[in-house]
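Below, each structure is written out as structure tokens.
Both complexes shown next keep chain A, but they swap its partner, so chain B is in the first and chain C is in the second.
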Partner chain A sequence: MVRTYLLLAWTWLRASAQYPIPMAAMALGSFVLNGLDVAAIWIVFGHTDALGGFTLAEVMFLYGTAGVSFALSDMLFGNVDRLSQHIRAGTFDAMLVRPASAFVQMATDRFGVHRFGRMTQAAVVLGIALSQLDLEWSRTWMVPVMIVCGIVIFTSIFTLGGALQFLLTDAPEVANAFTYGGSTLTQYPLTVYGGDLVKAVTFIVPLAFVNWQPGLYVLGRDDPFGLPYWLRFAAPAAALVLALAAALAWRAGIRRYRSTGS
Partner chain B sequence: MPRRHPEEAAFPLRARFPSRPRPPSRARPPRHSGLPFSGLLSRTRLPLYARIAWYGFRRHSAYRTAALAGAFTNTVFGILRAHVLIALWEARPGLAGYDVADAVTFCFLSQAFIGPMQLFGGGLQLAERVRGGDVAVDLARPASLQAWNLADDLGRAAYLLLLRSVPPTLVGAALFGIVFPTEPAAWVFFTVSFVLGVVVSFGWRYLVALSSFWIVDDRGTQSLSLVLMMFFSGMVLPLNLFPGWLGTLAQSLPWAAMVQIPADVYLGKRDALEAFALQALWAAALLVLGALATRAARRKVVVQGG
Partner chain C sequence: MIEVDRAGRSFTVGRGRSRRTVHAVQDLSFTVEAGEFVGYLGPNGAGKSTTIKMLTGILAPTSGRIEVAGLDPLRRRTDLTRRIGVVFGQRTTLWWDLPLKDSFELVRHLYKVDRNDFRRRLDELADLLDLSGFLHTPVRQLSLGQRMRGDITAALLHDPAVLVLDEPTIGLDVVSKAAMRAFLGRLNAERGTTVLLTTHDLGDIEKLCRRVMLIHHGRLGFDGTLDDLRALAPGEDSIEDVVTHLYTAPPAER
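Then we have the complex of A and B:
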């Protein structure tokens, strides 16, 4: 499966390299577009020293970790949320008859270098944040763990969003509310959003485990909502549960898929 | 009487063949279609561009589920952005001349503008038609390419205003409470400013779409345009938060006419006449540029396969 993925991704990459100027323009566009979020954070902190009780460097840390997770997940699997386009065009049927996983084919479809733009930008922000924060070294092991868990969580949400499109073929934008909405939500400390929303993203859609709960551990902060301490280490479990749910939803979607019918 | 294609129906025979005598008028049986009044509208002699706007409205009404899904996503993002702005305004009450209610209203208005102002770019079929060569048909029509597209785009904007702007605003009002102007004059000013905003947005997107005549793959231009539209319209953050010269510059660029100015007119934070003047200036400038670019493109176009 990994081999198929690499082979297909490499093929698409070589295809997109046939048009070098649009490819470079798109990579740059994606880099700048995601930089706008950082510009927004920078402008906000031009007016205040703390947002929701967190300083600029801490917010950049939360932004950077969630950003790297989301960018890698989007780069590797984000294309799954274009499922409805393929269903409507009938090209998904072609994927199903090929001797390779439909999920891998969806994920690698039109793989291009522009997908690296977001990744680079988030990594730069995370690097700056880490250099500005005075972190305890004994706690930094959590950073790679939370990034990997974040990738799994975002990929699961992308997959759930894709699976949803088996039902809502005409309304693919609903999935964006959860995928890109999740990315937007995790850019700021959750204290900004208030109690109800935080409970929802802790216990229903586990976005709080992308960067918030493990981030509190790395930053050595108390939970402003008073949730139990062990939740900070629960990210791998949350990621696993969500990944299982996503895999089941995807398989159920494929099973009940009846083609476009016209 | 076979049912005609809507675009063809937009042209009375007289307009297509000016030298030919008009056929004698006959009583036609009324035609029925899905929407109310459409039979009435297609039979009465509406001016050409009004009809095209109506067909733009109807074409988009075919994608109702997609529009509602867009409204849902716009609402979710509105809620997330509102929380960030509330946190900022609670830390700095009265920042930039807004109070918390103004900031929340601004947030939901900007989300409501995404559909009609087409803030993520696109909305016009022109770029696709240039790539595919269909633009040859458009250029052969005895109508202005620009005015045709403008009329179509106004129809699109009217439809998306109903389906993608009203729901986020109502949800915002229910969850956070937003400011509603009480004077009728404020609503009139806002309507004028909103329409001008749509025209400025069209002027910009038309230029971006026309760039396909010179750069065949328009994805690069589209992504550059997206960055400019998102950041300098006030979608990412209200422009009055931008520091110093960046704020002054952003407030006078055409993108401000799409979100910041209509929202300020709604909130009563800006002199209406001054706002209209800036918007009308940019609308005129972009439309003139668009007309010049259309003339240049007309000379440039080569349609393969004759």
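Then we have the complex of A and C:
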């Protein structure tokens, strides 16, 4: 599976290298756009020294961890939610007659350098945050754990979005609300949102486990919403449950696949 | 090699009150033995592509049972891909921006073909299909005829027992068509590869197929030799006229 992924990604990368200028422009464009996001945070903090009760470095930490998770997930698997395009074009049929998982083929489709742009920016923000925060050393183990859980959670949402398109070939935007929307939501401390929304992203779409709950543990903060302390360690369980649901939905989707005419 | 037992596929289309069930394929039964060369005919929308998609594991049948190369296409789709070759005439599976050879190398990795077997087979196919002049040309620069030869090669590198071709001669000029037919005939005669071919080109059928199946309104209307097919419409001269007669005949007459 990993071997097939690397093989296909490398093949697409070589194919995209046939067009070096658009390739470089896309990578640069993506980096600049995401750089503007960082600038926006700086501007917000130019007028206030805290956001939702969190300092600048803490906000950058939350932004950076969610950003790295989302960027890696989007880079590796984000293309899965373009399924409806492939169904309409008939190219998904061709994937089904090859001896490789349709999921891996979808994930690697048109793999190019533009996928790296988002990650660089998020990694820079996380790096700055980590250097400015005086983290308790015994709690830093959670940082890689939360990033991996975040990747699993975002990838599961991408996959659920893709699976939904087996049924609704014309509604890829439904899934975007949860993937790109979820990415934006997790960039800020959840205290800037209302309590009901926080409960929804904790217990229904488990976005709070991408960075918020484990982040509270790393930063040594009390939960402003007063949710139980053990939730800070629940990210792996939440990620696992969501991943299982996504895998089942994807399989069910392929079973129900209707293809197109001709 | 291919067993279809009362297979059917229906689709639900429309919403609300206009919601209805369309039977793309109904009660389809046939058997194809190893080494046969079968032509699958039918007007547009008759259910040809739906059948091909069920045979290759792309679509689940809504009723009946299908077995290809000893496997249930839906449950064992990935295993089946290693035993069959599939070519869709209307779309390529080759990498558009890479040299043709690179697509073949990728096939070698995906299908886990032994390096020596791969080299031997590619040499053989390159010779038969005359690929040597454009093996290192990016696929996007190939003519349709060249690309189709590339697609056929890609589908045969893992030496499948069954080759399924969906309109392989569509859009080809007469020379390319003749070369393609000669190759397919040889493949079937010399290697014993079972071939199932859909086409609208009756020349393909006359030149290649010892057996013809005709699907109409989702049902198998005819299954027999070319001569049997001609006998169905004694007044008609050419095979074109025979088939036109059958396509337009009211269901009761079939």
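Here is the rule we go by: the second predicted complex is superposed on the first by the 260 of 262 C-alpha atoms of A that agree within 3 Å, B and C clash if a C-alpha of one lies under 4 Å from a C-alpha of the other, contacts with A are read in each partner's own complex, and residues count from 1 in each chain.
FYI, a residue touches a chain if its C-beta (ideal position, glycine included) is under 8 Å from a C-beta of that chain, and two chains touch if they have at least 3 such contacts.
The model shown is predicted, which means the values in this text are computed figures rather than measured ones.
Participant: Identify the partner contact of A:259: answer first if only chain B is touched, second if only chain C is, both if each is, neither if none is.
Facilitator: Once the two structures are laid over each other on A, A:259 reaches chain C alone.
Participant: Does the superposition put A:177 against chain B (first), chain C (second), both, or neither?
Facilitator: First partner only.
Participant: Determine, under the contact definition given at the top, whether A:200 touches first (chain B), second (chain C), both, or neither.
Facilitator: Touch status of A:200: no partner.
Participant: For A:33, is the partner it touches chain B (first), chain C (second), both, or none of the two (neither)?
Facilitator: The first partner, chain B, only.
Participant: Counting residues of chain A in contact, which comes out ahead: chain B or chain C?
Facilitator: Of chain B and chain C, the partner in contact with more residues of chain A is B.
Participant: For A:248 in the superposed arrangement: first (chain B), second (chain C), both or neither?
Facilitator: neither
Participant: When the two structures are overlaid on chain A, which partner does A:51 contact: first (chain B), second (chain C), both, or neither?
Facilitator: first
Participant: Let me test your reading of the model: by the given contact rule, A:237 touches which partner, first (chain B), second (chain C), both or neither?
Facilitator: It touches nothing on chain B or chain C.
Participant: Considering only touches as defined above, state whether A:14 meets chain B (first), chain C (second), both or neither.
Facilitator: second
Participant: Report, in rising order, the residues of chain A that make contact with chain B in one complex and with chain C in the other.
Facilitator: 19
Participant: Under the stated contact criterion, what part of chain A meets chain B in this complex?
Facilitator: Those residues of chain A that touch chain B are 19, 21-22, 24-26, 29-30, 32-33, 36-37, 39-40, 43-44, 46-48, 50-52, 168, 170-174, 176-177, 180-181, 184-185, 188, 191-194, 197.
Participant: Using the touch rule from the top, collect the residues of chain C that touch chain A in their complex.
Facilitator: Result: residues 11, 45, 49, 53, 56-60, 74, 77-79, 81-82, 84, 86, 88, 90-91, 93, 95-98, 102, 106, 109-112, 138 of chain C touch chain A.
Participant: What part of chain A is in contact with chain C in the complex they form?
Facilitator: 4, 7-8, 11, 14-16, 18-19, 90-91, 93-94, 96-101, 255-259, 261-262
Participant: Would you tell me which residues of chain B are touching chain A in their complex?
Facilitator: 63, 65-66, 68-70, 72-73, 76-77, 80-81, 83-84, 86-88, 91-92, 95, 217, 219-221, 223-224, 226-227, 230-231, 236-237, 241-243
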